[in-house]
Amino acid sequence: MAWPLLLLITAPLLAGLGSLLARSRRAVEVLQSLLAGTLLIATALVVERVAARGRVSFGLFPEADALSAWFDVILGVVGAAGTLYAIGYLGEQLERGQVSLSRFRQFFGLFDLYLAAMLAALNVENVAIMWIAIEGATLSAALLIGFERSKAALEAGWKFVILSSVGIALALFGTILLYYSSAHVLGVTSETLRWSELYRAAQKLDPTSVKMAFVFVLIGYGTKAGVAPMHTWLPDAHAEAPTPVSAMLSANMLTVAVYAILRFKAVVDRTVGPEFTGHLMVGLGLLSIGVASVFLLVQRDYKRLFAYSSIEHIGIAFIGFGIGGAGVFGGIWHLLNHALAKSTAFFAAGLVLLRHEHKMLERVPGLLRQMPLAGSAILVAGLALAGMPPFGMFISEVLIATEAYAAAPVAVYAFLALLTLAFAALLYQVLRMALGEPVEAGRALGGRCLGFSAIAVLLNVAALVATGLWIPVQLGRLITSIVGIFGAAASLP
Amino acid sequence: MLHALLLVGVQTIVLLVVAPFVVGLIRKVKARLQCRRGAGVFQPYADLAKLFRKQPVVSTTTSWIFTATPYILFASTLAAGLLVPVFASKMPLNFAGNIIALVYLLALGTFFLILAGLDAGSAFGGMGSSREAIVASLTEPAMILSIFAIALTAGSTNLSTIVHKTALLEGIVTDPAPHLMALAALFIVALAETGRVPVDNPATHLELTMIHEAMVLEYSGRYLALVEWAAGIKLLVFLTLIANVFAPWGIATTHTPAAIGIGILVYLVKVSGLAVLIGTIESMFAKLRLFRVTDLLGVAFILALLALVFFYILRG
Amino acid sequence: MTTLLLALLGCYAAGIFLPLCLPGRPRIQNVIANGLAGAAGLLGVILSLMGLLSAQPLLLSVPSTLPFLTFAIQIDPLAAFFVLTISLAGLAVSIFALGYLVEYSGRRSMGALGALYNGFLLSMTLVVIADDGFFFLVVWELMSLVSYFLVVTEHEKAEVRYAGFFYLIMMHVGTAFIILTFLIFFQEAGSFSFEAFRHPEQPLPEGMRTFAFLLALIGFGTKAGIVPLHVWLPYAHPAAPSHISALMSGVMIKTAIYALIRVYFDFLGGQFPWWWGFVILVVGAVSALLGVLYALMEHDLKSLLAYHSVENIGIILLGIGAGMIFQAFGLKDFAALGLLAGLYHTINHAMFKALLFLGAGALLSVTHTRNMEEYGGLLRRMPWTGFFFLIGAVSIAALPPTNGFVSEWLVFQTLFLSFHLPALFLKLMLPIAAAMLALTGVLALACFAKAFGISFLAQPRSGHARHAEEVSPAMRIGMAALAGVCVVLGLAPMVVVPWLDRITEPLIGASIQGKVLALDGWALAPVNVEFSSLSTPALALMLAGLAALGLVLAWLFGGRITARYYKTWGCGLNLTPRMEYTAIGFVQPIKRVFSTLYRPTVKLETEFIEESRYFAKRRWFEFHIEPVFQRYLYDPVVAFFSTMADRLRFIQSGSLHLYLTYIFVTLVLLLLIAM
Amino acid sequence: MQQMPLQIGSQMVDLCAALLLLTCFAIVAQRRLTACVDLFALQSVFLAATAGLVAFLTGIHHIYVAAALIVVIKVIVIPRILKQVIERLNVSRELVMNVNIPTGLLICGILVILSCFITQPIIPIGFLLTRDSLTIALAIVLIGFFTMIARKKAVTQVIGFLVMENGLFLGATAAAYGMPLIVELGVFFDVLVGALIIGIYTHRLQDAFDSVDTSKLTVLKE
C-alpha cells in the first residue's frame, strides 16, 4: 500500500491548483494549511512503511526506498513549515498591499508546484524522470525567485535561470552518458534507467564512461546544490527571492540536488570504487567551506549571510559522503539538521525583513529585545548552524572528522580549521543581530503573520531538538539501510 | 611535654629580651662612629616601657585592622623567631614549620603592616606601604634561593635540622664557596627585610626616604611599642639565622641546663658581633634611592644562584 | 550511590526547566533555581565524598542511537574530587545568589538566568564525570555555550558583547584542538570510550603521543587560561554577573586541569619524557608571574581577580609539571607529591577565588561600580563582607596558616626536592621556578594588600562608598560558607591529604600518605620529617598564643589605658579622601620596576590659572599599560583574516560570464582528471 | 530497408553530425542576432535529420517522434519566440564580445580536439552505427557553453544554451539510440518551458534595464 507516497506528491499539486482557482485569501490559507498537515502525515506514514518494508512502490512511479524516504522527511517537514510560513509572510505583504490577491494566488500555485516537483524527483525510480522533475522544480523556482519584480530580483532570477539551466543541461549529458554505457549492458529499455537495475549492473559498466558521467552529474547537479565553484547564483537568488522561497531553496533544492548526486555516486562507486567520487567530493566540499567562510566574514546582508552558510554546510555534507562509512551517516544527518536550522534562520530573517524592509546586517541589532520570536529563532538557528551542541550538526561534524582522520589527517586539519573560521564568522554576524539594543523601530507585524510564523518556527525547532542528540527508531532503520546502499555498513558500530 | 614548653618559653623570653638590646647596641655603635656619645645601650627598653604607659591616639578614619595589626605583627614575628634555633639546636617546635614557613610568617606581618599603613588614610602611610610592597617583593626570590642553597648543604629545610647537623659537623660543608655566597646573599636580604641602611633608614622621618617609619607613622602608645618591639625581634631573627646557620658552633646540642647556659652566652656574643657589624655598615654607606635597591637585590639573587650552581658543580 | 547521582542530575534538570515554566514570578523563580542548585550542590558533596572513599568507581552507561556516542559516566576518585570542588562552590554560590539576584529581578529574565545557572553547573559536573570522549566533547561545548550566555547577561553593553564573543571563539578554537587530541586516541582505540583510550589495541606511536600532548595542552590550556592563551579570561570573567564569575574563575577553568591530568596521567598512563613536564613547568611559571603582574595593574576589582586566576592556574601547573618531571625519572613519591600539591591548590583556589568574587559581587551590588578607586572605608560599613574578603585575601596571598599557604608550601617542597633529579639542568631550573613562585607569592601579597587596603580601609572615596550598607544575610552566609571551607582546608591538611592521596595513587602508582603525614597527622613532612615539615594547626596555636602574649604584655607594662580617638594628622590640613593613596599610586613603584613588560604610557595635562604658571587649575592624569599579547599575537591574526577576506571579494564580482567561466573551467579540469 | 550497409549509414550519420558542428562554428562567427537564430533553426533541422536517419536505420520508431518534436519545437516555435524578442530590442547586432570572433573560433577548434581526446576511450563501447557522433555531441555542448561565456547579449546566451541542448539531443538520439519515449517527451516539454521562461526573463530585462546586455547585471555582488 503506497497511497501515502502518492498523496505526498499529489497533495501539493492539488493544493496549488486549488489556490490558483481559489477566490478568497481565506480559502488559500485553508488549502495551504491543509497541505502542510497532509505533508506531515504523509511523510510520517511513508517513513513508517519504508522503515518496515525497506521499499514502497506504486509501479514505476512513484517508488521510494530508504534514501528517498530520508529526503522525504526533510522535504515533508520543512515543506510543511515553509508553507505555513509563506501563508503568514505573503499574507502580511497582501495586507500591506505589496502584492495583489491574484499574485498571492499565483505565488502559492508556483510554490506548491515547486514542492510537488521536488517530491516527485525524490520518489521516482528512474534516472531520467528524476532529471525531468528537478528541471521542473528549477523552472518553477526561477519564476518564484523573480516573483518580486524588482531589478535586483530580476538580475538574481536571470543568473539563476542561466546558471542552473547550464547545470541541468550538463546533468542531462551525464545521465545520457550513464545510459550510453549501461544501454549496451542492459539493452535499450526504460528498465535501463532504474536505479535498482543500475546498481545490479554497475560492476559490468565501462569505468571511463561512468567516471565521465559522474563528472558531468557532479558539475550539473552540483550547480544546483550550490557547491563551490558553481555556487555563484546561490547568494543572489536567496537574497532576492521572497523569503519563504529562500528558505525552500536552501532547505530543499540544494538537498534534492545532493540526493541526485548521491544516487549516481552509489552507481559509480559500485563500478570504479569509492575513491574517485570520494576525492572529487571532498575536494569540492573543502573548497565550498573555504569560499563560504570568506564571504560569511565580510557579509553585510543577513539573507546573503545565511545563503553562504548553506554553501558551507553542503560542503560539509559533501565531505561526509566523500569519506563514506560514518561519513555517510554524518552527511545525511547533517543535511536533515541543516535543512531544519537553515529554514528556521530564513523564517527569522524574513520577519526581520518585513519589519525593517532592508537587509542591512549592522542596522538590525537587538533582535532579542525587539522581536523575541525572530530573535530567539535566529539565535537558535545560528548556534545550530555554527555546529554547537545540543544540535545535530555538532554530532555530524565530529562524525565526519572521526571517519576522515584515519584516511586523511591533513584533510581533517583543514576541515576543522575552516569550520572554526566559518563558526567565528557566522556567529559574529548572528550575535551582532541577536544581542544588543535595537536602533531602528521598523513597522510592526500583523498578528496573523506572527502566528503562522510562530507555528512554523516551533515546528522546525522541535524537529531540530528532537534530532539533536538521538535518533527516532524509524529514522535509525532508514539510516542503516542508506549506509548499506553505500556499502559502508561494516564501518559503523 | 613540660620540658618542651619550658624550652619554648625560655626561647621566647630570650628573643623578647635580647631584641631591644641589639637595637640599642647598633644605635650606640653608629653614634660612636659618628663621634657622638649616643644614648645608652639599654635605652630601647626605656623607650618601650614609656610607650606602653602612654595613652595611644587612634585615628578616627581607621578600622579594627589598625588596632589589630600590632598584635598580629608581634605574634607573627615572634612565631617566626620560635622556628629558629637560638641557643639550642634541637627545638621542639621544629616540626611546626621549616624555613619557608618562617619567610611566610614574616610576610604575614608585612601584609598587615601594609594594610595598617593604608588604613590611616594619610599619604605617608600609603607611600610607606607601597614602598614596603616593592622592597618585599624584590627581596623574596633572593631569599628563597639563598635559603635553598643553604638547605642543600644540610639536606634539609628545617632550621633546627640544618643547625644541628652543622653543629655536629654531620654532612658539614666540604666546600665553603657556595656557603659564603649564600651567606652574603642572605645578609643583603636581611638588611632589606629589616629596613636597614642602605635600603631603608630607621632613623629618618623624611617623607622622601622613609619606608618602614612611614607605615607606622600613625602608631602611638602601646601599639607603637609592640610594632617597635616586633621590628627589633625581626632584626634579631635574621641575625640569629645568619649566626646559627653559618656558625652554629657553641650552640647547645643537648638540653642540659649547662649546655643551654653556654648556648645563651655564645649566642649573645654572636649577635652582638653581628650588631656591631651592621652598625658599622650603616655608618659607612649612604641610603640608596628606592629604585637603586633593585640593583642591590639583583646582586643578592645572582649570588644565591651562583651558590646553587657552585654547590652542584662541586658536589658533581 | 547511583540513585544519589540521578537525584543530583535530576535536581539540576529541574533547576533548568522549572524556572522557565513559571514566568512572571521572578522571586519564586529565583528561589527555585538557586534552591535546587544548592540542593544539588549538597548532594554533590555527599556523592563526591562517597566517591572519594569508595574502592570501586561508580559506572553508569546509557547507549545512544548515534554512532560512536555513549552517555557513559564514571566517578573515580579524580572525578569525585572535581565534583566535590564544583559542588562545594555551587552550594555556597547558590546561597549567595539567592540574595544577590534580587537586584537583577525585573531587569533580567530570572527564568533564563536560573535555567542557565543550573545548566552551567550541570554541564561542569558532567564534564568531569563523563567517561566517553564524544560525550565529553558534547558537554564540554555545552559548558562553553552556557557560560557564554551567562557572560553576555548584560549584552546591551558593547564591551560585554565583545568579551563574550572573544570568549566563545577562543573556546571553540580550543575545542577544535581537543577534538584532534581525541581523534588521535580514537585511531588506536577504535572507540571514544575512555576505557579504550586507556588501553588501546596497540600503543600509540611516540610521535603521536607527543602530538597528543601538545594538542591537549593548547586545547585545554585555552580553557585554563595559560599564558599566552589567557587573553579572553580578564574580559569574560568580569563581564558575567559576579556569582557566575565566581564559578567561572573558581571552578570552570579547573575542568581544564582535570582534563589535562586525565589525559597525561590516565590516558597516556603517566609515561612521558621529562621535557613534557618541563614544558608544563615553564608554562606554569610564566603564567603565574605574568598573571600576577598584570593583576597588579588592574583597578577594576573583578578584572584583578580574573588575572589572579591566571596566576593560580600557573601555580597549579608548577606542581603538576614538577610531578611530571619526577614521574619521567621514575621518582614516584615526588611525582605523587607534585600532583597532590597541584590538586590541593586546585580546590583551595576554587574556594578562595569564589569567595573573593562573591565579595566583589557584594561590593558591586552596593556601590554599583567595579572601580576600586571609588571604594574605600567599606570595612566599617560592611564589616562581615570585609572580614570574609580579608580571609579570602590572606588565603590567596598564601599567608600562614591559611589553605593557600599549605598548597603553595607543598609546591615549594616539590620544587626543592629537585636535588634528587639526575640532570643538572633540571636541578638548577626547578629552584629558579621556586624563586619565580616566591616572587609571584609576594607580588600577590602586594596585590591583595592593595585590593583590600584601597577598597575597605581609610575613608570612602566616593558617594557610593559613603552610603554603602552591609549586604543581605543570604549573601553573607554564602561568603561565610566559603570562608569556613578555606579555614578548614588550611587547618586540617591531615584530613585532606589522605583524600588527595586516593586520587594520586592510581594515577602515579605510589601511595605517599604515610610519607607525607608525620607525627600521627599533625604535620606535613614531604617526604621525610628530616627534610621539611609544616604544621598549620601548630602555627595557628602559636600565633594565637603569642598575640595573647602581646595583649598580656601591653596590659602588664601599660595597664588598661583607653585610647583617644582623633583625626589623622594631614600636615595641618583637614584630611580628605583625595589625599589618600590611590590604587595607581600604590603600584607605581612596581610599575616602574617592571616597565619593560608593561610598556606604560602616561598622559599628564595641566591647566594653569590665567594669572600665573605656578598655580594649576585642573590636572588630568591617565595611564595605560600595553596589552602585549593581544597586540602582537591576536590582532595580527584577526587582521590577516579580514584583509584576506576583503581581497577575495572579487570571486563574487557579479559578472555572469565570470560565473559561467568557473563552471566551464571546472568541468574541463574534472573531465581531464577523470581520464 | 535493412540491406543498406552499416558503414554507409554510419557515414551519413557522421555527416549530419558534422554539419551540426559546422553550424555551431557559424553561430560563433555570426554577429547579427537574427542570423544567429536562423543558424540555430538550421542546426535543429540537421538534428532532426540525424534523428530521423537513426530511426530509419535502427527501426526504433519512437525516435521518429523525437525528430518530429525537434522540427516543431526547435525549428518553428523557439526561433519564432526569439525573433519576437529580438524585434523588441534596440540592437540588431552584437558589436562587443568578451572574446573576439577569431579567438572564439580558435578556442572552439581546441574544444573539438579536447572532446575527441576525452571521448576517445569510451567510443568503442558504443553502437557501431553512431558512436562517433558522441564526440561531436560533446563538442557541440562545449561550444554552446563557450558561446554563453563569449557573448554578452541575453539572446545570444539563450542561443548558446539551445545549442548545448542540441548537443545533448545529438548525444541522446545518436549515441544511445534515444532515451525511452516518455523521457524524450518530458525533456522536450522542459526545454520548451525553459525557453519560454528565458524568453519572459529577456522581456523583463528589456523592460527593466532597456538593454539585454547581461554584462551590465552586476549589482548583486560582494
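Quick notes
A, B, C and D label the chains in the order they appear, each numbered from 1.
Assume a contact is a pair of C-beta atoms (placed from the backbone, for glycine too) under 8 Å apart; a residue touches a chain by one contact, two chains touch by 3 or more.
Fair warning: this is a prediction, and the values are worked out from it, not measured in the lab.
Shared contact partners of chain C and chain D, listed by label: A. Think of the whole protein's Cα atoms as having one middle point; the chain whose own Cα middle lies nearest to it is C. Here A-C and B-C were compared by C-beta pairs in contact; the pair with more is B-C. Separating the centre of chain A from that of chain C, both taken as means of CA atoms, is a distance of 44 Å.
Per-chain CA centroids place chain B at a distance of 35 Å from chain C. Chain geometry summary: the mean Cα position of chain A and that of chain B are 79 Å apart. Taking each chain's centre as the mean of its C-alpha atoms, chain A lies 31 Å from chain D.
For chain A, residues touching at least two other chains, in rising order: 158-159, 162, 166, 170, 208, 212, 235, 295, 298.
Multi-chain contact residues, meaning those touching two or more other chains, occur in chain D at positions 118, 121, 145, 148, 214, 217, 219-220, 222.
Screening every pair of chains for touch gives A-C, A-D, B-C, C-D.
Partner chain D is touched in their complex by these residues of chain C: 649, 651-657, 660-661, 663-664, 667-668, 671-672, 675. By the touch criterion stated above, chain D contacts chain A in their complex at residues 60, 118, 121-122, 125-127, 134, 137-138, 141, 145, 148, 154, 157, 161, 164-165, 167-168, 171-172, 175-177, 179-180, 182-183, 186-187, 189-190, 193-194, 197-198, 201, 204-205, 208-209, 214, 217, 219-220, 222. Residues 64-69, 134, 137-139, 141-142, 145, 152, 155-156, 158, 161, 164-165, 168-169, 172-173, 176, 179-180, 183, 186-187, 191, 641-642, 644-646, 648-649, 651-652, 656, 658-660, 662-663, 666-667, 670-671, 673-675 of chain C touch chain A in their complex.
Considering their complex, residues 377, 379-380, 386, 394, 397-400, 405, 409, 412-413, 416, 419, 424, 427-428, 431-432, 434-436, 438-439, 441-443, 445-446, 448-450, 452-454, 456-459, 518-519, 522-523, 525, 529-535, 538-539, 542-547, 549-551, 553-554, 557-559, 561-570, 575, 577, 579-581, 585-590, 592-593 of chain C touch chain B.
The part of chain D that touches chain C in the complex is made up of residues 98, 114, 117-118, 121, 145-146, 148-149, 152, 214-215, 217-222.
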